[in-house]
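One structure is given below, represented as structure tokens, and several questions about it will come after.
A, B, C and D are the chain letters, set down in written order, and residue numbers restart from 1 in every chain.
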Amino acid sequence: MDYQKILDEIAAEIEPTIGKGKVADYIPALAEVDPDQFAMSITLFDGRSFHTGVSDRRFSIQSISKLFTFTQALGIYSRGLYERVGVEPSGNPFNSLVQLEYESGKPRNPFINAGAIVITDMLLSHYGSAENCYREIEAFVRDTSDDWSVSFDPVVWESEQEHGHRNTALANLMKSFGNIRGDVEEVVRSYFKHCSIEMSTRELSRSMLFLANHGTDPITQRQFVTTAQAKRVNAVMLTCGHYDASGEFAFHVGLPGKSGVGGGIVAVVPKVMGIAVYSPRLNSWGNSYSGTKALELFTTKTGLSIF
Amino acid sequence: MDYQKILDEIAAEIEPTIGKGKVADYIPALAEVDPDQFAMSITLFDGRSFHTGVSDRRFSIQSISKLFTFTQALGIYSRGLYERVGVEPSGNPFNSLVQLEYESGKPRNPFINAGAIVITDMLLSHYGSAENCYREIEAFVRDTSDDWSVSFDPVVWESEQEHGHRNTALANLMKSFGNIRGDVEEVVRSYFKHCSIEMSTRELSRSMLFLANHGTDPITQRQFVTTAQAKRVNAVMLTCGHYDASGEFAFHVGLPGKSGVGGGIVAVVPKVMGIAVYSPRLNSWGNSYSGTKALELFTTKTGLSIF
Amino acid sequence: MDYQKILDEIAAEIEPTIGKGKVADYIPALAEVDPDQFAMSITLFDGRSFHTGVSDRRFSIQSISKLFTFTQALGIYSRGLYERVGVEPSGNPFNSLVQLEYESGKPRNPFINAGAIVITDMLLSHYGSAENCYREIEAFVRDTSDDWSVSFDPVVWESEQEHGHRNTALANLMKSFGNIRGDVEEVVRSYFKHCSIEMSTRELSRSMLFLANHGTDPITQRQFVTTAQAKRVNAVMLTCGHYDASGEFAFHVGLPGKSGVGGGIVAVVPKVMGIAVYSPRLNSWGNSYSGTKALELFTTKTGLSIF
Amino acid sequence: MDYQKILDEIAAEIEPTIGKGKVADYIPALAEVDPDQFAMSITLFDGRSFHTGVSDRRFSIQSISKLFTFTQALGIYSRGLYERVGVEPSGNPFNSLVQLEYESGKPRNPFINAGAIVITDMLLSHYGSAENCYREIEAFVRDTSDDWSVSFDPVVWESEQEHGHRNTALANLMKSFGNIRGDVEEVVRSYFKHCSIEMSTRELSRSMLFLANHGTDPITQRQFVTTAQAKRVNAVMLTCGHYDASGEFAFHVGLPGKSGVGGGIVAVVPKVMGIAVYSPRLNSWGNSYSGTKALELFTTKTGLSIF
């Protein structure tokens, strides 16, 4: 398949959608981004990659970081992880407290904020200090993307902390149910820090290869998680990766994927490739408007879909 | 792969789980079934099929009928269908009224009761009378399973009607929001009728072939829905096919599937086969206890999974 | 106190509010009423009564009927009544199914629709047939208002039945939990019948005397309920009489009261008088806009309040 | 009426209930109290007071402090207060986050934790510092109880802070909606401080006189709030003073009242007296078991009730 041609076609076809949607503005640092950018990258198992748009420009990965931390924690805690976080779709917005209260502080899945905060707490416990914890998360992201220059944006980090009262509410609620072990403030600070990691679509599509290849990077042969674990991460991405629009994404795109309010989305074609798109304007569910369209066009054009 | 050997192994391995779980008892006609039965069938694209257990014994397909009616209505209404039923997981039990009330009478997806009742209403409108409607649904099930002896159980049908107050409540609530067009009693009666269709795992696994083959029966070459529609039906099965345990099923089994309280589960391996299992005892989410285990063993042993 | 002067003042002062709010339009028979009518009546223990506006014009009492049926059922079942209906404010709109589902089919109180439907079911069981049941309810209303010409409007009754799907949903949901004993259709029909009783403010204010006088009509000396029961009916009116605006009503008016979507409100000044107001336009909670204002003015001007 | 005799009778009659219920144990400092204590006090407008049990023993007033801070804030902000806190019963437990999320961070009423935290935030803004704020609250409590030795328990205060994650969650959630102006930690610390004030039933019954007398202390003639404000505080006590059992309390006791998890309850007989009871074991709604019974006996024996 001529992937470059397909990406170029997609870039042309999503053009009319570029002005649609609204950039995340809950923190000033995100609101200031150029809203009309677009990028898309795919990386194959043999290392070849194809790109369109601003594919080398780094942006805030935000909730895509939840995919890295979930996978990393799964490698450490294995099945024990599921005692503290479920794997069900929530049927609610990403930051809702309602279900958390009804279900005694156990988050529905690791891709809503509450779940990712518990995962952060588990990594903090494991690595002992906030500093070590962040360093290990960063190392994991660098390893999977095979790029050791990846880092976080301190301005976004600080901005998140100043406007993070709802996440602090989630963490305190879970603490009251005993599902946060560490200090609430430190857990939330750590959570915000890895949300502010910056990556390009080139790097993100590269970092998905191990999940497309059952846990082992097909280029470096490094194993990050087991085959069974990798399949399950993909399953959770499919059912829970887009908050309350996960069903829509499975329906229209048909691939495991994870979005972030920074405008990025990663997706996995099992046994074939890693994909990443970027466009900052968001649809009403908080997922990239043009990015979602681009992925839908991609699976329509290539026939690639897990269904 | 030696599928017969695999099925026989599974039958042996699930043996210890056979007494676990509880048969559906909300209607007497279902409660009277022998609780310790087990059957599993797979049917390949070339027509070969493999079986274990009571694979020729028919049982009440119950909510598996929702898969047939959804597909049939999709063929008739195409995208228009989604104006009245969504495709999101509900995060709630199968018969909950809560989300329906908050979301103005539009059911989350076609696989919860409310959604299937709206689909029934759409089929009733299309086919004009309750009699025609049921005959066409039955014909659709017979066509897809390639077996014209398939029919419904009048005792179960009547039993459902006598104990169906909650479903009547759902239908009335949706009527109050304008999302039921026909007469409420007639819609509910029609819904219960196709829920009481009886099939064996042999027949059910055969009937899944068209969904595994992008909408077209690979043996008869008859097209039931388009490629895009078939993929989307599979996507909705994956995200919503097991009520509030859909995430768990995707996670553990990794295949699109749909369960019924009669103890049956169907699943689809895209481009490969149709599967059906049967065992009447249910787990706490209302899905077959041993059936779910059998499917989990199957994907573990074969490596078949969409992830 | 010169009550006539006070009523005349109120009539003048609420004049500017008369065009505010919206007449109930969920059934055509109610929507056709002249929206700008106003009436207010008070009746004292010695039989004297004072009126302003169209105080002899009968209107649909709607949910005010819940007060009569609750009191009547309390006289029959005494404390046993509370096994099937609670006495807590609901914190939800009058016709919500949510709390009912969470609380296993036991309505919060007798003044939300679900509660009044259970009460109707209890009266039906007691009186044996729909015909007897309605006749006894009508007799109770006639006795308390000391007017044997009070009756129901068949056009409103029929109209309610044609548009009553949500109430039928509530009744079916409660039936599924075992909290409706009779036939659902018959219970709902009976409920709608007494909702369509018509009375004037003159008659309604007269009918409140027994509740103001601890259960015994101060003029006829007829006892309808015990002292303790009458006090408790008043308590439930205060905490639950205005749906999700009961707190507001207690706060602004400070008297036990019960409203109906027909535009009527009754209120009780313990040991002093019965009050009724009428004005068809409703505020956002479904209570008479000008009627609520008139009662607020009344307690401000007279200093009458239970607090 | 021979109040002393009535109190003595009550003390004898509640004796069998003394072992029922469970002391609040969410903080160690409260769990250590002798569970089987009982006290009851009434204070009349002429200054006479009657007592039974350990009426001079101080206990943690906990949520009864919400009544003081609400009244105090009402005196300062008047109607402006209601822009940030409502006056409706919540239909939910005292510390639920659900309704708060659905209703955009505006608490239902000033007597659930969220509402009292907003009130504390308002007092903090007004008095400028946490120190001044607490001093003014303490002064208000001392003035109304006419006892300048009233103070708080530092052990309880500290204990609350160590176990107060759910309240911190509430405060953070409201901050995210903009309904907390001050620093979240400081607001919560201040809230816990006045919750840990200690008073006896003697002092509490004395402190209710101004609310029984339309805002003005009948003994000192000091006016704390206006007549209209006092009536409205009483109305909110009646509809919301006992969390999700407010309807039950109105129904059984028939007086405006406010309870605390420390085991105290205050009540007001308009124009007649202030009442306080104390018994640490709580019923399933978190209100004093024997205290509630004692108040029910009191209104039955005296016929005092606002209904």
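Heads up, the rule we're going with is that a contact is a pair of C-beta atoms (placed from the backbone, for glycine too) under 8 Å apart; a residue touches a chain by one contact, two chains touch by 3 or more.
Treat the numbers as computed from the prediction; the structure is a model and nothing was measured.
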item	value
Intersection of contact partners for subunit A and subunit D	none
Approximate Å spacing (C-alpha centroids) for the pair subunit C, subunit D	32
Subunit B and subunit C: spacing of chain centres that average the CA atoms, whole Å	47
Whole-Å gap separating subunit A and subunit C, where each centre is the average of the chain's CA atoms	55
Chain contact topology (line, ring, star, complete or other)	ring
Chain-chain contacts as defined at top	A-B, A-D, B-C, C-D
Subunit D partner contacts - residues on subunit A that touch it in the complex	96-98, 101-102, 165-166, 168-173, 175-176, 184
Contact footprint of subunit C on subunit D as seen in their complex	86-92, 99, 108-109, 228, 230-232, 234-236, 238-240, 244-248, 250-251, 254, 256, 270, 300, 305-307
